[in-house]
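Okay, so chain A shows up in both of these, paired with chain B first and chain C after.
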Partner chain A sequence: MPALLEIRGLSAGLQGRRSVTQVVSNVDLDVRSGEILGVVGESGCGKSTLATAIMRLLVPPQVLQSGSMTLRLNKGSSYDLVKLSESELRELRWRHLSYIPQGSMNSLNPVLRVERQMTDTLIQHGLSDKEARSRAIAALELVNLEPKILYSYPHELSGGMRQRVIIAAAVSMRPALIVADELTTALDVVTQRQILQELIGIRDELGATIILITHDMGVVAQIADRVAVMYAGKIAELGTVNGIFETPLHPYSQGLIGSIPRESGQRVEGLLGEAPSPWNYPTGCRFHPRCPKVFAHCRAQTPALQVQASDRWAACHLYDAEVAADA
Partner chain B sequence: MTANSSSRAAEPSEDQQQAGRREVFQYALRRFGVYLFTLWAAITVAFFIFRLVPGDPMNILLGNLTRAEGRQRDAEAAEAIIAHYRQIFGMDEPLPLQYVNYLRKAVLGGLDLGPSFVEYPAQTKDLVFRRMPWTIGIFTTSVLLAWIVGTGLGALIGWLQRSRLSKLAVVISTLLQITPVYLVALGLIIYVGYTWRILPAGGPYARHLQPEWTWEFISSLLTHAVLPMLSNMIVIGAGFTLGMRALMISVLGEDYLTFARAKGLSPFTILKDYAFRNALIPQVTALAIIVGATLNGTFIIEVLFQLPGLGTLFVQAMGLRDFNTMQAVVLFSIFAVLTLTLVVDLALPLLDPRIRRTA
Partner chain C sequence: MRDLLVVENLRQIFGGRNQTFAVDDVSFRIPAEPTIVSLVGESGSGKSTIARIILGLLQPTAGRVLYDGADIAMSGRKWNRKFRGEVQAVFQDPYSVYNPVYKAERVLKLVIRKFGLAKSKAEAQAMMEEALRAVDLRPEEVLDRHPHQLSGGQRQRLMLARVYLMRPRLIVADEPVSMIDAGMRASFLNILQDFRDSHGISTLFITHDLSTAMYLGGEIIVLYQGRIMEQGATQTVMNAPLHPYAQLLISSIPTPDPRRRWDEDLSAAPLAEIGYGASAGRERCLFADRCPQVMDQCWGARPRLQAPKIDAVDSAQRDVACYLYE
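After this line comes the complex of A and B, so read on.
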């Protein structure tokens, strides 16, 4: 079965005065229909840029440099998101492709009631006022909110409620793909757990596919089916949650998993150093300055993302038989 | 649950609506209290500050009398006349008592602000009322027009911030905004009024006309009003344009704007409901602030264009240390500014639901 969203060679960066600083480099990623795909990585690794690029919401100085993103819908229609014009994107957005932004606390317009903010886009996508309203109420029910929320202004709602309103708005048109950026970051763990449960419910009920961008391995472990580990603008490893948590292949994934506290008394192993910024990505493998298993080849050659096992990809020279043999 | 019953469940309850109305009412009440207090404070400051200005008005009056009659008096007679004047104007009493009397008459005596020293026995109140329409006509209209034009223009160049035309507009507005209003007025008088003779640049209306409801008079009135209003509008309007542009640009960076774009809304809806609506709130506050700050600019314009408004009255009264008239002018201009500010402030909760709670 072909992927719902097929990202190939996607690069995005920041337009400077003379040159473009690449933030996301040459990302290949398949998002399968009906899955929750977690994208994890440290701050500044390009996860949010990737999310915004998928939504085609990059604003200058951010620029989409190259690549393709093929979105295949059930009806057999397919679009390359990179090539669509603004007006074509408007049609597609919300109906098939929706977005739960980072910083959800400020993502609602403070001067409009929730009702208006949920229905305006539905009405623009061709629903009648009445249909839009009942859709909005149905969507609120999915996230356990009462219909009377419609009459509130955002400042009258708690953080968790605002986040739920945004999720409800995002699913109100039953989109095929939802990109959720740092969905639960600003919330306490109890609310976080409830919202994640609701998200799973939404996936099961609507059959939506969700890309979940987060820096929280715990969140990924709770709800994702597969994980893409990003480091310095590239995908380091991709696989099922169980696979990656049990046997991480890439030294960076190993570091991330190792840094999760497990049993009491066991010391947490951290990663040394810090993530490079896009202005000074190292040559060769971008992880090599921090890698405990680094060898000469890593400094010169960029490893490609390759199949390592069934349903597992990693970009590391350790698993490249010929190169590893040289070292 | 049927669609019908769920929609009924969603109506805001009677209690909620009532609570909302009570909040708005309390806000208005509080705001009105502040208004009264400010008015009182302004009268008090004006009362004492003009009495600190050097120069005794009674001496100036005596000087005028002496010049008019063309003969000198001996010191004793002069003393007697001044004492008489003081008694008429209630200035023989100690200052605190004068202040209390002044307030008492102003509040209980139906806005009795005392007679004018110069045009005695004319009441200063009447002088002010006669002049006020000119000032209000020019000032209010030009500030409101400048605000409307500036807000629209600023929103547009903020929305199109990356276009070349928009950058040019910013440079022009900045230049206009830093130009003092009297320079703009003088420039207009010299070039438009005298060199090119396009529009009249002095007086309220053509000299040979009398105020009456004829087309000739009204059109003369309007053409004479163009340049004074334009000088005010150019400077204030440029400020409003720059302010609104900055507000738009900052709103465009807000998360809710990204979300609005992600929702697939049309650019027009985003501009209208998401960007403009939010940028408008501080812009309305700016109107209230600017109203106070530009009133003195209007006074200068009146003098330059020889319009019989409060500004010219104030300048005349100043020369003669006519306290009563000066106080009355200050009182009325503060009253006008405060009222406009009050209206603006009361309008804010309509635009911004957050203020209804926090104010």
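After this line comes the complex of A and C, so read on.
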């Protein structure tokens, strides 16, 4: 299957007075057309920086250091998002790629009705008032909201409804790629379930591709097709959701999945230690200080993300035949 | 033995003309034996209000809370000191409880000083180190740091170390793990279990996350719009909930297993609107408007919380407020 978005060697960081502190390092990732890709990891692992880098929405002191991001749309047009100018990006955003930032349900303007907030962008993209309105209504329908919501003010809506309005606005131009950051984190479980199921509906209906950034392994298990596990700014493991949950290869993925509280009486130990901050990423494999399977090589050499099985990539020396033999 | 905590017909009504029933006639008890009781519900279910009333931070509109047989509204310096020492709180936000200008050790030192726990500096130091080890923190990693240098998980465990110093009988923890990483969650919950098993400390654990309640075990109380819908042994209720609301809530947990996905599509179901019903129209089952099994009588009067009349071995272990089981 062709990749809708092909990310190669993407690095982003924080500009300091003298140097750049790298937050996201050398990420290679193919996002396949029509999939829901879950990006998981602990807080501070670079998930959100990756999302904003994809959207080219990094703001100083954040900087995009290197890499390419090729977006291939079905009409045969392709763009390297890294090279586009601000005005070219403006054309692409909402129309072809849209972004739902973390906590965005609280970013609706309290003094404007939902209608204005939904149609403004559409009108900016060249639609007439009437077209914009019917697009907005169609988008609301995707998230099971009635058209009358257009006349509401944000404070009249519950958290779940506000999140739905945000999703509706994001999909109103029928984008090819949707990047959603912690979409359901602040919501109750029943609402979370409804919204996630609506998201699947949106993917099916619009044929959209969705990158879902979350720290919740349960959410990923329920709706993702594939999972990318991030640790300290790098992708530790990538594979199908079944594969990752059943046979996680990277010791970090193993720890992450093993530390999920499940049944009572079955005690699980948390992941030991703390995730490093970008100012002191360890040398070699960045997970080595916390890794239960660490060996000498891990401290010196950075493992590359390599194919381990069909549809599975992991960045770990344990699966590096030559290195493992030395150890 | 006297129950550790008894909550009797608690009611909290906010507002004047548009009354909000945050807590509507809630009664439960925490026995004297060390137990973990989880209070679960969606936002607006009244769980945090109950916590605040139990901690004495809020005067209830009606009803009372008995701690060790005495009404907590009772005043008196001596009693207050006992209550403040024996009942400890852990709150949701591990960031806002610290004063950023002081080092982390201050939260421990203050407790030792205020409650006169140690006779000498050396003893105080030894106590702090023991408390930190009890919560899996290394003293050298936290004591000399400022709060912003610690992770959320470390800060929240430091609060537990503070609680440990006091050796309370009851911890009231309001959403303590919702802001910390999944990897750290399990270790925080393990500490609460250790406190119960090795030190006889009970916990009232307030959460919207049912999977953590499941992991903790003990007892569970399911709240909806200020009322108890179902309560009983956590394992019994979680494995086979009886109340349709508890069923909906439990089936909506995102199970971390891609082979056990949600089977039914709820996306087109009527939206869960949190209506804090007005005073009129509360003499009914509050879940009636969303309930798939609603009957005529559900609209007539409030169902009582009682043991379900069903032929099941576990029916004695729980109470349900639903006409289906009367």
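Just so we're on the same page, the second predicted complex is superposed on the first by the 323 of 327 C-alpha atoms of A that agree within 3 Å, B and C clash if a C-alpha of one lies under 4 Å from a C-alpha of the other, contacts with A are read in each partner's own complex, and residues count from 1 in each chain.
Methods note: contacts are C-beta pairs under 8 Å (C-beta built on N, C-alpha and C of every residue); 3 or more make two chains touch, one makes a residue touch a chain.
The structure displayed is predicted, hence computed values, not measured ones.
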- Combined model on chain A where chain B meets chain C, clash or fit: fit
- Message: Taking the superposition on A as described, I'd like to know which of chain B and chain C A:159 touches: first, second, both or neither.
- Response: second
- Message: After the superposition on A, what does A:193 contact: first (chain B), second (chain C), both or neither?
- Response: second
- Query: Of the partners chain B and chain C, which touch A:263 in the superposed model: first, second, both, neither?
  - Reply: second
- Message: Per the contact definition in the header, classify A:76: touching chain B only (first), chain C only (second), both, or neither.
- Response: neither
- Is A:147 touching the first partner chain B, the second partner chain C, both, or neither of them? first
- Thinking of the overlay built on chain A, is A:218 touched by chain B (first), by chain C (second), by both, or by neither? second
- Hey, in the superposed model, what angle do you get at chain A between chain B and chain C, Cα centres, nearest 10 degrees? 70
- Query: Is A:242 in contact with chain B, with chain C, with both, or with neither (first, second, both, neither)?
  - Reply: second
- Message: Quick check: superposed on A, how many Å separate the nearest Cα atoms of chain B and chain C?
- Response: 13
- Write out the stretch or stretches of chain B touching chain A in their complex. 3, 6-7, 9-12, 16, 162, 254-256, 258-266, 269, 273-274, 277-278, 281, 351-354, 357
- Query: Which positions of chain A touch chain C when the two form their complex?
  - Reply: 42-43, 144-145, 158-161, 188-198, 200-201, 215-224, 241-242, 245, 255-257, 259-265, 267-271, 274-275
- Tell me, which parts of chain A touch chain B in their complex? 55, 57, 59-60, 89-95, 98-99, 101-112, 116, 120-121, 124-125, 133-134, 137, 146-148, 150-151, 153, 155, 166, 169
- Touching residues on chain C, where the partner in the complex is chain A: 42-43, 151-154, 181-190, 193, 208-212, 214-217, 234-235, 248-249, 252-259, 261-262, 265-269, 271-274
